[in-house]
């Protein structure tokens, strides 16, 4: 695929997503926002966890830093979130770089790196919970302004505006992701993922490029955190620094295919409706499962089962596995007669 | 004793073996030589069941073992001394050797075999309580061969036994291999060190790009011009 | 180019799955739907599930008795999973997809605040059954200042304030004097801190000395936390937290034989529960809790709890009772509004004057700025294996006893 | 002689010293000693105030130490199971805590329905969890053996959702607690002698159930350690953890070892569950807490290291309890994570692990 191909796909998708709201009611619009939103965060994670192969289990640290920075700047100093989100991105990038420097410097990798990121995220949650200047566990609440304000990024009447913002963010993040993937940085990162020692032997400054990947990923994630704060109007440490954010962020890219440009988006397109489906299924189950109706937990259970099945049967994620399936299917359809003759030849 | 027919294998999307066929008679020393990346190690790994064959057949002692798992292949007496030795680095020398006779039917002979290994490699006896990871390269190779002997091989496959060893030690190792063969064990040896190997081997195969391109007795190959220029540097 | 089309097409196809989202038709004019949002999964599911059942029971009763003439109520429940963003999303779903006219919920302050914002924005009334944080009712106002969120529970300020006053009053009624207290509260969610904050403010007000404060994490063992509290040798120990931690803390107090004959929960989730008595046995004796509560002297309250126990095979907690009560308040407003029109229901809620409640409040339930002004907590104590109301004296079933079950 | 050799102990020492400095800074009224009207030398005044502080809070420190060690033993047992799975299968088993929750409920049912004492129930819980582990491995983990590692993490996450919500559906979320009718006051120990519980050491208490949990954890750890060190199975497990191909080449059925290891690891949390239920109620998410500490302990103690797991458990238990005193008002877990990150940075192979 050439470079322009990726952008062509992006343009096509943008078109689809631009048209979709015309057919969506308010709640479906909510789901679409959620979908794009997780696709966005997944894209951020993918740069570090997918391209560079540095599995992060603590993206909530960056997320929370972003959410809190823009919100505090907005609430205490009246600085617009449009500006604040970039300040948050800067902080998160610095934090990420520092974390990356510390861990990579000492040769922490693989599972240990994943656990280290988790520890950093949990520590930031605990510190936030204990910091009175950001209102500790009580959290921060956006003011109600009674309308839509582009300058404050608060849209109380028109949900579509949030959709537009997150779609724009996703497009930019995807463009960054494509750019990285198709350029020197991306090749270096992939080389590091495949064989770090070999990459180092070839003269790639692995420490530097890994830190760059972490910083970029952190910055994009932090902006997602700012968007979260604006969209939901409320943040507290358990919510934005919690482990559930870290899990949700990595779920989509792995599901869709980590290390692939379109993995996070495909994962989000698949998972977000799937999550809703399980809920709908439990609310209105088919006749023979009617005893399951309204049983709390059954939807999440189903979601868990789906994850297990997909991971087992699609080890390379949707992006990697679906073409393989199609290929196998085609081969089977076409090759039935061929293999028969081969067998006979033996 | 061992017949390979049209073996194909590889890693992930990369195919390495493109239809390898060879044969080993009981009691022989057979050499498999070729350049780096020709597929020698892949062949041996597939024989040991560490790698799945994509197609082709492996017949050992009249049985089709193509799809057997490693531990079953080991139980049948087809033992590999792997490239890079694959020792248990944090276990002691003795524990490594004992694990060589992990299979139940071998445990009865454990003491006897241990004695035999120690007589072949007195160094191992001296260092039996040392942690394997701290041994020198030569000692590790001795331990790898010793561990394989603990499994009472009928066919012993050695993958680059001389790799990274001092020339003195290389000769020792070759002598031991010859001795093992004299005791009645069939041997398949993969080596970069082609001259020495072909001198010792009754027959040899040359691999190139995942295929067998030449075969013959050790002597024939040693004097083949193509071999001499390509692999022996003569 | 065909490859691009195929990928875009594939994604578009996946998007179509949205089309399958089931939308429920509004078939019957006589049906008004009530939505409930509670944590039905996750670590607070214990509380949320009971409240969900209580609302279902109330709706069934109201329909059966025809309390809302010409209208059948229908209950739609939703799971917040304990997360504020999920709760908010579910509120949006209930409003736009399920067409509900009133929301009842949601147990946690963080979730409730978000739902209140959505409710105000969308113009749908929210009746809080349980959620303590005081500012939620403010967040439930739209830009024109219309109140969309209503609470029948005493909020964190009220509960913290009253607990401090009750503690002092109870001690002096018993002939003693309360000089110092130590406070243990969960330090993970806003609930622990906001209740403690209110208590602290009132304590400063009335000259009550707080000699030690421990904000604990959820863990397997609280012996050290309890020891810290004990080392400050207070006259009383206050505890704010959820069920599981409260139970373990009680066991740990017994273990170190805490020498303080006055342990009281403040809006706490354990010490006024029948399950506490069942789980902890004799250990439960003497524990106080100042909490929201039904009026145990009211025979209707006992009947409601008996019906609940019969139907669901488990005891009805205070939170369940509040959820049940909130449903009746909603039904009352729907009856007066005469339809499922949300604005009419909101107007009716503003006018609420409901005297048939089973809460221990003096007079009927009304709303001022979304709060019930006469909503107060009650002090309960486990006495002889039963939870008794002991304070304030007007509704006390028994005198408070200052003791510990481990003999202090 | 390189300073690197001493780096670990140097940093450890500095951490301990600074912890005590912070303790005194935070808790002792040293500022009063700087006032002009303060009597005597500043240092002796601080010392005096420190001892006055200790007179009041000494019991807290002793209690924290005792509590930390007792619960640390259980943490160690949970971590032992995780570290074995980690070592052999090279996966982060996120479902470890969820499987412990299963153990809690089994123990509860045994007690509540069949009246079987939880300590006696160990003999049912442990084998049962072992078999559950085998089944889980066979059905869920094995099919994805060759998938990338992060997939297995996702897999165990999915498994956690499955288990937690299955338990929620079956048992509801009501916490299930049991209360033993012995172990308080005079307690007859196996008819051999009579002991007074809780035991008091300088006013710090040790309750019967926690002591038993601690001792039980030690015994199970010791048994497992012996199995791992002495038996052929144990050697095969260690061999597989160290060199999978090598293990296959000596005839070890590594798939089978994977399964057995997963079973043993799960049996560990079965034992831990039976030991903690007397003082920790069961609810569908009860295992999460143990899960997170276990991850940290695994790194701390060195992957696949049994003694390291136990030691790590004790350290984490202690840290968790002591942080609450060292930094009043801050969450207990902060100290745990600080230690965790320090170990990751300076001794990534763990306290007892060998350098790669």
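So that you can tell them apart, the chains are marked A, B, C and D in the order they are listed, and the count of residues begins at 1 in each.
Simple rule for what comes next: a contact is a pair of C-beta atoms (placed from the backbone, for glycine too) under 8 Å apart; a residue touches a chain by one contact, two chains touch by 3 or more.
Just so you know, these numbers come straight off a predicted model, no measurement behind them.
Colleague: Chains in contact with chain C and with chain D: which ones?
Modeller: Intersection of chain C and chain D contact lists gives A.
Colleague: What is the chain whose Cα centre is as far as it gets from that of chain D?
Modeller: B
Colleague: Roughly how many whole angstrom separate the Cα centroids of chain A and chain D?
Modeller: Those two chain centres are 32 Å apart.
Colleague: Give, as an integer number of Å, the spacing between the C-alpha centres of chain C and chain A.
Modeller: Going by mean C-alpha positions, chain A sits 34 Å from chain C.
Colleague: Using mean C-alpha positions as chain centres, tell me how far chain B is from chain C in Å, no decimals.
Modeller: Between these chains, centre-to-centre, one finds 72 Å.
Colleague: Cα centroid separation between chain B and chain D, in whole Å?
Modeller: Between these chains, centre-to-centre, one finds 45 Å.
Colleague: Counting only residues that touch at least two other chains, what does the list for chain C look like?
Modeller: As it turns out, chain C has residues touching two or more other chains at 41, 45, 48-49, 187-188.
Colleague: Which positions in chain D touch two or more other chains at once?
Modeller: Within chain D, the residues that touch at least two other chains are 165, 168, 284, 329, 331, 333.
Colleague: On chain B, where are the residues touching two or more other chains?
Modeller: Expected reply: no residues.
Colleague: For each chain, which other chains does it touch, given as pairs?
Modeller: Result for touching pairs of chains: A-C, A-D, B-D, C-D.
Colleague: Under the stated contact criterion, what part of chain D meets chain B in this complex?
Modeller: 232, 235-236, 238-239, 242-243, 245-255, 354
Colleague: Would you mind writing out the residues of chain B in touch with chain D in their complex?
Modeller: So the residues of chain B touching chain D come out as 48-50, 69-71, 74-75, 79-80, 82, 85-91, 95, 98-100, 102-103, 106, 133, 147-148, 150-151.
Colleague: Can you check the complex and tell me which residues of chain A touch chain D?
Modeller: These residues of chain A touch chain D: 49, 55, 57, 102-103, 106-108, 110-112, 114-116, 118-120, 122-123, 126-127, 129-130, 247, 250-251, 254-255, 258, 295-298, 300-301, 303-308, 311-312, 315.
Colleague: Touching residues of chain C toward chain D in the complex: what are they?
Modeller: For this pair, the touching residues of chain C are 41-46, 48-49, 187-188, 213-221, 223-225, 227-228, 231, 243-244, 247-248, 251, 254-257, 275, 279-281, 283, 314.
Colleague: With touch defined as at the start, can you tell me which chain C residues reach chain A in the complex?
Modeller: 1, 3-5, 7-8, 10-12, 14-15, 17-18, 20-23, 40-41, 45, 48-49, 52, 77, 79, 81, 83-85, 88-89, 92-93, 95-97, 110, 113-114, 117, 120-121, 133, 135, 139, 141-144, 187-190, 192-194
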